[in-house]
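Two complexes are shown next, each including chain A; its partner changes from chain B in the first to chain C in the second.
Right after this comes the complex of A and B.
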């Protein structure tokens, strides 16, 4: 079974390699291959989830065995958290690739689009699976360079400007992360996350660790677009083609930002109170400011991008609260609740934010505008888009029985039980603000008849686009089932267990 | 020690360039400076005073060896840096074609 792990990286990379070569001669090859590749990744993930063994699965690249207990090979590690992230990336990736089949018809250079999409997927899967600091950096760069190109895919003024801004800030983030990796290698003389964790646990040099942690938080915070590092996100996510926005907002900032922070700060560094407070504070600030900035936007995709900042703030706040409680040796059950709330919100956010960006793409596809002021009355001409986006809006604002309600509820309950009353109050308040701006989106786009001129020409989008939107809307409802113990134990609990028993990660890989 | 300080100086020069310059190309050059200062640090980390090439041979058995891993890492990092710099410059050329200027103050379609 552990022999299957490299497939998660190999399949997208091979697809990315084949598409420009064969796609040149064979019409439609790129679309079919991408969808089939991502579907097979989804099937593999489901197999891994169902087979869930509890023990992390290891794959040593090249089969190099450890020498005197020191791991020298590149490790690919598939534990509960990695498989949970893989589930998000591959399912959203598959739906986005199906959606792109129709959406891309008005673009040229479709081969490049699908090749870059596969490359981005391979990079993200690599980040999630890598058990090695430097490979985490390399795979992260593969994913972000592909995303730089995809943001600029429209090659109009705005796209190019957004991509340039994204690249400058992303470049600085990469430099900071590489610097952090260098410092860690200097101190520990190893790149393996588990091995470095073992060495850092016994090291006495506190100031060095804090110094490195600050660089890594800044770097990965830039990638995850936490406020105050968010400046690139609204531009990049709103300028990219809509399926790519769904990938960036739904998956990329989680896989290379939040996942990396969780993995390094729980499983490698020993938990420290001040870092936990820093991370929670960043999350809380993002949660509050992101939603207030979203209120003032009239561009649909810009509003969704700011809302991504706010929702990522929820995730980071949930996980950060768990971190604080664990660092202070508080109640284990409350910490587990906070962390599971954060992870639950992560998978939910991938579903509803992906869906909302696909809706925005459908609206742009038919009306050629993203400005809410010039839209209106679309609920009659585009019933599927209207109903699915209504579902997603209710889910993101936390209305039962949609999934967003349950994850926010868990985070708020954990905040109250952990005595973070201010955070609990903020989470409730921001949920209401979120409802407000999504009501604005619904009203101006789908119901307001005043803006509706010559709306007769507008039809529902083609089948492939509808298919993805409907599946994601069903997921928005269906993911609330994760609240039930039987399903939660299979999907969510292995990931939570990896984070809760943070110090068991290193022994399970190096053997001591 | 002086070498590490020079590395840091190079990093600061790059950062200064990225923050203060108005020209797109100069911003890219600043970023390249920052990248290469970290690459230099990476090479320095593997350097051992008086070390030899880490090749096991009958003649060389003792002696301190330099650490070969940072050298492999820095090569990979340079290749990645090449890809991202090529991407940046390609975007810069496209920007020039669309806006007719390299001045970052005039490239401001997006607000926020």
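Right after this comes the complex of A and C.
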């Protein structure tokens, strides 16, 4: 089965480079190929999840065997956490590509859009699968550079400005990450994550490790848009075409930001109390400030972008609490609960935030505005958009029986059991604030009839867009099933096990 | 963009061939000497950029060239991926495995697939840099209009 791992990188890359050639001569080729490619990735992921083995699957690119136990090849590693991330990227990617089929009709240069989308997908899959620090960086750059171009896709003034801002901050982040990787290479003489983990575990040089960790956390924090580093996100995510916003908010910041932080700080570095507290603090600050900033927005997509910061804060807080408990040798069960809450919220956030951005795209597609003040009364003319966005809003605000309720509940229970009472209180409070601004969104966009004159022409969006929104809305309900033991053990538990048994990652790859 | 004087044109004509040949040399000897696909590809792009600068953009019909170089770029990288994928089907069946015989050390035709990778990376880099240059020139022309 490990023979199939490179396909996750090959399929999107081949699609990305076939589109500019054949798409020039064949109308509609780019749309069909992208959807088929992403669908096959989703099928592959489902196969990997169902076949789920306890051991991580290894793939040595080029077939170079380790010399005296030291890995020299580039490793691709598919363990529980990677497959969990692949599930998020490929399913959301498939739905976004179907949605784009209709959404893109008013744009020119469709070939470029779909080629860049495939390239971004290939980059993200590479980041998630790579067992090698430098390849992680290279794949991250592939994904991020494709996303710079996609943010600027509308080439209006606002979009170019947002893309420029994103490029500058993204460039700074990349430099910091590259510097961190270089420092690690200089010290450990290896780029393999598992091998570096083995060496760092026996290393005595604590100040060096902290120095490198600070670089990496700043770099990946910028990519994940945690709060002191969030300045690019509201502009970039609101100016991009809506399917891309869904991709950026739903998948990209998780795959290259949070995933990388988890992988490096749990599986490579030994857990330290200071770093765990730093990560949790960053998460908590993002959680609180992001939601208060979102309250004052009148632009739908800007509000959703700020809300992404807040929800990412939830994920990082959950995982950070688990990290603190593990670093202090606390109760393992509480740590597992906190981490599974974080990961559960990650997959939930991909579903409902993806859906909300697609809703915002549908609204913009029909009314040509994103300003809530000039919208209103859309629930009658756009029933599918209205009902799906109602579902997503309830899910993100944590109303049962939607998925957001359960993941937030798990995080709050874990916070109370781990005696983080302040964090638990904040999580509850922010959940209420989230409900408040999504009520505002619902009221002004779909129910307020005052601005509803001249709304006769507005119709529901085409089938392809409705299809993606409905599937994501069903996922918002269906992912609640992940709390039931039978399903949780297949999807969520392998990923949690990788994080919980953090120090077993390196031995399972290098063999010692 | 207008062309330059006769002297510049003539010198550019004479030089660009040499630069192009040097690029090809760097690419084909990538597995033996310093340099390789990327460095040689940059030289290939340089020789063509020199010609466009000397002769100006009106003469050359830039848009057609941009399409052409973008197609070359995409096909080169597709062939590159194809080689890497063929390795999954033959021999030890590993992605990026060097499936051709190694040959003798120091010979021009040796090192298995690596010279082929170098050639296609060279094409890719040359075409990509040239496409970027042309895109900038075309953009400037359109803005000036």
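The rule is simple: the second predicted complex is superposed on the first by the 512 of 512 C-alpha atoms of A that agree within 3 Å, B and C clash if a C-alpha of one lies under 4 Å from a C-alpha of the other, contacts with A are read in each partner's own complex, and residues count from 1 in each chain.
The rule is simple: a residue touches a chain if its C-beta (ideal position, glycine included) is under 8 Å from a C-beta of that chain, and two chains touch if they have at least 3 such contacts.
Every value quoted in this text rests on a predicted model; they were computed, and no experiment measured them.
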item	value
First, second, both or neither for A:21, with chain B first and chain C second	second
Which superposed partner A:3 touches (first chain B, second chain C, both, neither)	second
Larger contact residue set on chain A - chain B or chain C	B
Which superposed partner A:164 touches (first chain B, second chain C, both, neither)	first
Chain B versus chain C as contact partner of A:476, first or second or both or neither	neither
Touching partner for A:358 - first (chain B), second (chain C), both, neither	neither
Shared contact residues on chain A - chain B and chain C	none
Interface residues, chain A side, partner chain C - complex	3, 6, 10, 13-14, 17-18, 20-21, 24, 59-63
Chain A-facing residues of chain B, complex	18, 24, 27, 31, 34-35, 38, 41-42, 45, 67, 69-70, 73, 76-77, 80, 83-84, 87-88, 91-92, 94-95, 98-99, 107-110, 112
Of all residues in chain A, those that touch chain B in their complex	134, 137-138, 141, 145, 148-149, 152, 155-158, 160-165, 167-168, 171-172, 174-175, 178-179, 182, 185-186, 189, 191, 231, 234-235, 239, 293, 302
Contact set on chain C toward chain A in their complex	67, 70-71, 74-75, 77-78, 81, 84-85, 88, 92-98
